[in-house]
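Note that the chains take the letters A, B, C and D in the order they are written out, and that residue 1 is the start of every chain.
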Amino acid sequence: MSGRIGVGMIGYKFMGKAHSNAWRQVGPFFDAPLKPDLKVVCGRDGEKTARMAERWGWERAVTDWRKVIEAPDVTIVDICSPNDTHREIAVAALEAGKIVACEKPLARDGREAEAMAAAARKSGRLNTVWFNYRRVPAVAFARQLIAEGRIGKVFHFRALYLQDWTLDASVPLLWRMDRETAGSGVTGDLLSHIVDLSNFLMDQDMASVSAASRIFINERERPEGGRAKVEIEDACVFLCRYSGGALGHFEATRFANGRKNGNTFEINGELGSLYFNLEDMTRLWYFDSREAKHVQGWREIPVWEECHPYMKNWWVPGCAIGYEHTFTNQAADLLAAIDGDTAMRPDFDDGLRCQRVLDAVLESAGTGKWVDVNLNTGEREA
Amino acid sequence: MSGRIGVGMIGYKFMGKAHSNAWRQVGPFFDAPLKPDLKVVCGRDGEKTARMAERWGWERAVTDWRKVIEAPDVTIVDICSPNDTHREIAVAALEAGKIVACEKPLARDGREAEAMAAAARKSGRLNTVWFNYRRVPAVAFARQLIAEGRIGKVFHFRALYLQDWTLDASVPLLWRMDRETAGSGVTGDLLSHIVDLSNFLMDQDMASVSAASRIFINERERPEGGRAKVEIEDACVFLCRYSGGALGHFEATRFANGRKNGNTFEINGELGSLYFNLEDMTRLWYFDSREAKHVQGWREIPVWEECHPYMKNWWVPGCAIGYEHTFTNQAADLLAAIDGDTAMRPDFDDGLRCQRVLDAVLESAGTGKWVDVNLNTGEREA
Amino acid sequence: MSGRIGVGMIGYKFMGKAHSNAWRQVGPFFDAPLKPDLKVVCGRDGEKTARMAERWGWERAVTDWRKVIEAPDVTIVDICSPNDTHREIAVAALEAGKIVACEKPLARDGREAEAMAAAARKSGRLNTVWFNYRRVPAVAFARQLIAEGRIGKVFHFRALYLQDWTLDASVPLLWRMDRETAGSGVTGDLLSHIVDLSNFLMDQDMASVSAASRIFINERERPEGGRAKVEIEDACVFLCRYSGGALGHFEATRFANGRKNGNTFEINGELGSLYFNLEDMTRLWYFDSREAKHVQGWREIPVWEECHPYMKNWWVPGCAIGYEHTFTNQAADLLAAIDGDTAMRPDFDDGLRCQRVLDAVLESAGTGKWVDVNLNTGEREA
Amino acid sequence: MSGRIGVGMIGYKFMGKAHSNAWRQVGPFFDAPLKPDLKVVCGRDGEKTARMAERWGWERAVTDWRKVIEAPDVTIVDICSPNDTHREIAVAALEAGKIVACEKPLARDGREAEAMAAAARKSGRLNTVWFNYRRVPAVAFARQLIAEGRIGKVFHFRALYLQDWTLDASVPLLWRMDRETAGSGVTGDLLSHIVDLSNFLMDQDMASVSAASRIFINERERPEGGRAKVEIEDACVFLCRYSGGALGHFEATRFANGRKNGNTFEINGELGSLYFNLEDMTRLWYFDSREAKHVQGWREIPVWEECHPYMKNWWVPGCAIGYEHTFTNQAADLLAAIDGDTAMRPDFDDGLRCQRVLDAVLESAGTGKWVDVNLNTGEREA
């Protein structure tokens, strides 16, 4: 299959901008024969959505998401509306035979994610979750180095996701801080990313977790006025025992003053180690203990050579890409998978696996007990 | 003025890709009322140019640059063909009343640049040189800090532009290494950038220079076959005396193994210092000696806050932008200048000032003597 | 009091070298009127101890530690023998009226530490534990910045102590890996340091912990031949709830390939943050969110100015000190405390508080439950 | 030869402290059979010198340097008095058959240095200049990597020595700023170090130089009162052509705000590159372009392993040493050379070679012309 493919997007704010850019950029930058057409964007506010459509090149704007799903010229349904809308839209889209790309976290909890993963499996259509950090070239490259056997048996995985934007008590209770809409706080928003990176990078499963969480500011203004109790966690930390014996620890917070997008991970293995920091996303740090002792050291690898993942599509060595390109890379991979009829990851089963870990984390934070993680998805049970 | 404005681009390879992207992206990302239409792209190879046009959304492709200049739907002529073509095209475009945006270096030498700057002044049309690194947010921010008086009287400016891509003797003699086409080697290609940054950042003029240059590999294959003598410099270093007493040194090379785009500068003033490295372009380092002694230190400022130059048009704090955005920022500023009928910098006079320094550098490298720099352009003499 | 004071040291290997150096160097480098005389060193191997004494300037060598305690010319007893000897020697020395300086960890467990702290309180003599990292100038400076109110209410404390020297399965089962001698593995050896730093830096107590530990290599050669089961933990991680609501996490391991002395901590507060890494011990990183938004950034403060803790005794700005100086700084503080009849910290009660946390950590690692920390020492209960 | 060797030191201030420490520490830390006795220290102020002697363990203090040279128990004469005293003392000491260790720069100019090098050659006694940065383990290690052939043919050497302590106009005109006493400003004080490092590391000679210098503050208070014109340069930069075709540039200044001891060098060769920064002296950065392309990167090698130069004498991996140890390392090498009757470098001929470069630099800064460097010493001419 090649030629053009129609995309319909539901949601039009920050993530709508990131996704629109991806659909616009993937054509010229990637060689894939399949090119997307930006057919329709959907948002609840008709006027704003229409302006967004004009600005970003969507052919038309609608306010009812069902119109997107019913549109015969739409093959890919891209969901970037708030978490509480994911399940209903995704299931309907899959049932309508659409290919679905859903923002992370897949859902508000494992129960919702289960329904979505089941619908995906039943539909037989390609589906993906926008865990875009898998497509940071340095992260994809980390996986490549692991696959090359450069790290060996892993002893430790530690990952942080540190932000500070809700430190200020005057920040209102946006939807990301609303339990009904978001499902959880930093757990769904930030831990989801680093749990997915563990699932992506580690060849050991997360087996059990012990967690603690905190709400540091108990009450905030609602954007629409009035004060409300904050019910979602500002910070969440957990320990993890892996199936192969490794020890992990994870932390996400919006109260780490001075850290803006401090998504870092370090993997320590018997042959080497890797370190990544999203705030310096061009680099991967690599330590190789097989080298001659006197020249051993952490190597700062700028991941911008043609031989690095995705980079031959962009510029030349020395020219960094940034945040937005991770979405474009994922869009390119999805189009290539559609074109080549191959698998696409992360899929809804990956989203479900992540959600199972998050559910265990939240349960542990509530009960104070270690909680086993059930990573079996329907697919595996079958 | 608002609405749409037609762009015609001459040149379609690496820089053509960077410029095309800028014209495509400036619309959705910037609020400026004036939006560009990608009307026509021109290249010597008709078939390749046509493919490029289709891929990047140019309405039509031509092989004769005069067609671009004659096109009534083209208001901005964007020149990104090799250096030896700049003068003829730019002068013709200006005489045709076009707004001209020309890739750097403005010309192969000061004589050519003089003719171009004179034509620009005579035309009264806006004109600019793509010294895109002025629009790295961290660099524009450096200028802002200087304007805020945070550095004070400057004692030292030191700038490097280190690359390594011609270290390999098997790299053929591309046009950038051909004297007739490029005019010079690293002087026009790399020193031009850091000389322009000095002109952009320093409130002192470069008064005189002492230089040395080297050709490390004397002969290379021609892309079309056969060996040729390399006549342009692989490396060029120079000292600079500034009009206000500061001392500068500058180095450009393509033989710094491990440095890919190592464009760095440091400014030391009586109140503070600044440091920038293009390989880590998101950051500006700032030292403030007015702070309490015990907390003085170099501060790594990630230039991604809404309050930083250009950044409110992109994503949110913590989300880096990259190489390509510098061009988009410049396109946005040009459109805003056209729209608002305000000045645009760097203009051809800036390009000429840079070229005057480069001429002095090359003369000094040849004679072994200090050479005074003549920074007077016609504009100033008037 | 001023003049000379006699020191007797028990233990003569790695830590004996570090302590000997401290006693030798404190005289010339510090202005304190009280100067130490290196009277006697004690070790089990008479010949090696005698050579050590000659090399380092100890007046005499003995093989029975009781001789040190009975020596009338010894006022300070410095204990740097293995953990299992600490309690008996320290209690005897205190009962003999000596001032005691004991290597960390204070003891193998809280019960031993309790006996030692009780003996210290009863004796009324000065006593200290060599938690030398409190005297890294950058760490002491961190405490100063906190005391200046620059961080404000703390939300997060996270500390790692990463090493890799036992990764190699051929490393024999040295005393630090022997349960009987060491008491525990990385918990007593490494976690003790970062728990003490938390106690030193945080104005919140550690209230409860949830831990996990691992033995990665189950059997090793004994130095004296034969294989033995490894009974102490190679890695230990724990979460911590602080009394004031902060969340902490701590990790110590000897299996972090590429990390040699990776003792790091980060403190996030409402006004700012601090970061320290022992592998780059000259620096303290400081983020101040009260500054103007556009110039906010992590500041790398080289802690080598005269105004920084301890530094006026060493060289001049720009000249780094290293590992050994932390011991000299502590020796200087102890001599000054003796001279001025003032308090000395960390004392045995601090050692006991640390041990109480470690006991809770090991209990939690064993039971899988959150364990409350009892930080009451006898002193507080009185 | 083994046993004890007497040292007499002339000068007792900052460098006297550094040298005293070296002579005290070399005994216990190094295995060399020859141990120094601190016999006599000489200073112009009798009382201060006596206090210094007591504090640092010198057996006696004198005020006339001739007493040191005449002392039969003194074998090594260590000169750390101001530059204007070096020649007279060193020549006399050599003529008296002493081994001489002289602070850098060897002399105020090449003429003085020539006399000293001639006296050294004539005496046949070991002699050395305290270019202590050759003995930073990371610097010695850089030389080792070069000797291992890891860099290959060198294209570029660039070195900075940046300080900021005279930026403040209220800093008085100390002896280091007095032409009569110091000979020159940053040229003798700072450029000497980096010129010596070039001589140490490069297998190409410095052939010719083009320099510029500046006095930024023209008048200062004398310590003894009254104002005086500043006659020595605050900053000096120069370009260098090497005998083998490499290009160098060098800069020294005391006006680089925020740089305290910013002695950095980078060497770019055909096979790799090295980078060092004295402000982070534990590390050497190494880029190896022979590795697989995708894992190429600058490697931060912490030079603290037993296999690294000097490090087996100090602590264990992960434990940094600092500024003072460079002197101790040099003292150890001198004692080993005496003991083993082997050569010692840098010797007075190295000091002379450095001075020849500095003379050429100052001449060039004065005349504005490229000046050839005469590196022939008497030794080579013989």
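The criterion applied here is as follows: contacts are C-beta pairs under 8 Å (C-beta built on N, C-alpha and C of every residue); 3 or more make two chains touch, one makes a residue touch a chain.
What you see is a predicted model; the values in this text were computed from it and never measured.
Peer 1: Please identify the chain with the largest separation between its CA centroid and the CA centroid of subunit A.
Peer 2: Centroid comparison gives D as the farthest chain from subunit A.
Peer 1: Between subunit A and subunit D, what is the gap in Å from one C-alpha centre to the other?
Peer 2: Measuring from centre to centre gives 55 Å for this pair.
Peer 1: Using mean CA coordinates as chain centres, what's the subunit C-subunit D distance in Å?
Peer 2: Distance between chain centres, rounded to whole Å: 36 Å.
Peer 1: Among the residues of subunit C, pick out those that touch two or more other chains and give their numbers.
Peer 2: 296, 298, 302
Peer 1: Does the chain-touch network form a line, ring, star, complete graph or other?
Peer 2: Shape = complete; every chain linked to every other.
Peer 1: Flag every residue of subunit C that touches subunit A in the complex, lowest number first.
Peer 2: It comes out as residues 155-156, 158, 160, 162, 164, 167, 210-212, 214, 216, 235, 237-239, 241, 245, 247, 249, 251, 253, 255-259, 266, 268-273, 287, 289, 296, 298, 368-370.
Peer 1: So in the complex, the part of subunit B that touches subunit A is made up of which residues?
Peer 2: Per the touch definition, subunit B meets subunit A at residues 14, 18, 20-21, 24, 27-28, 55-57, 163, 165, 260-262, 278-282, 302, 304, 315-325.
Peer 1: Under the definition above, what is the set of subunit C residues touching subunit B in their complex?
Peer 2: So the residues of subunit C in touch with subunit B come to 141, 144-145, 283, 286, 288, 293-302, 305, 307-308.
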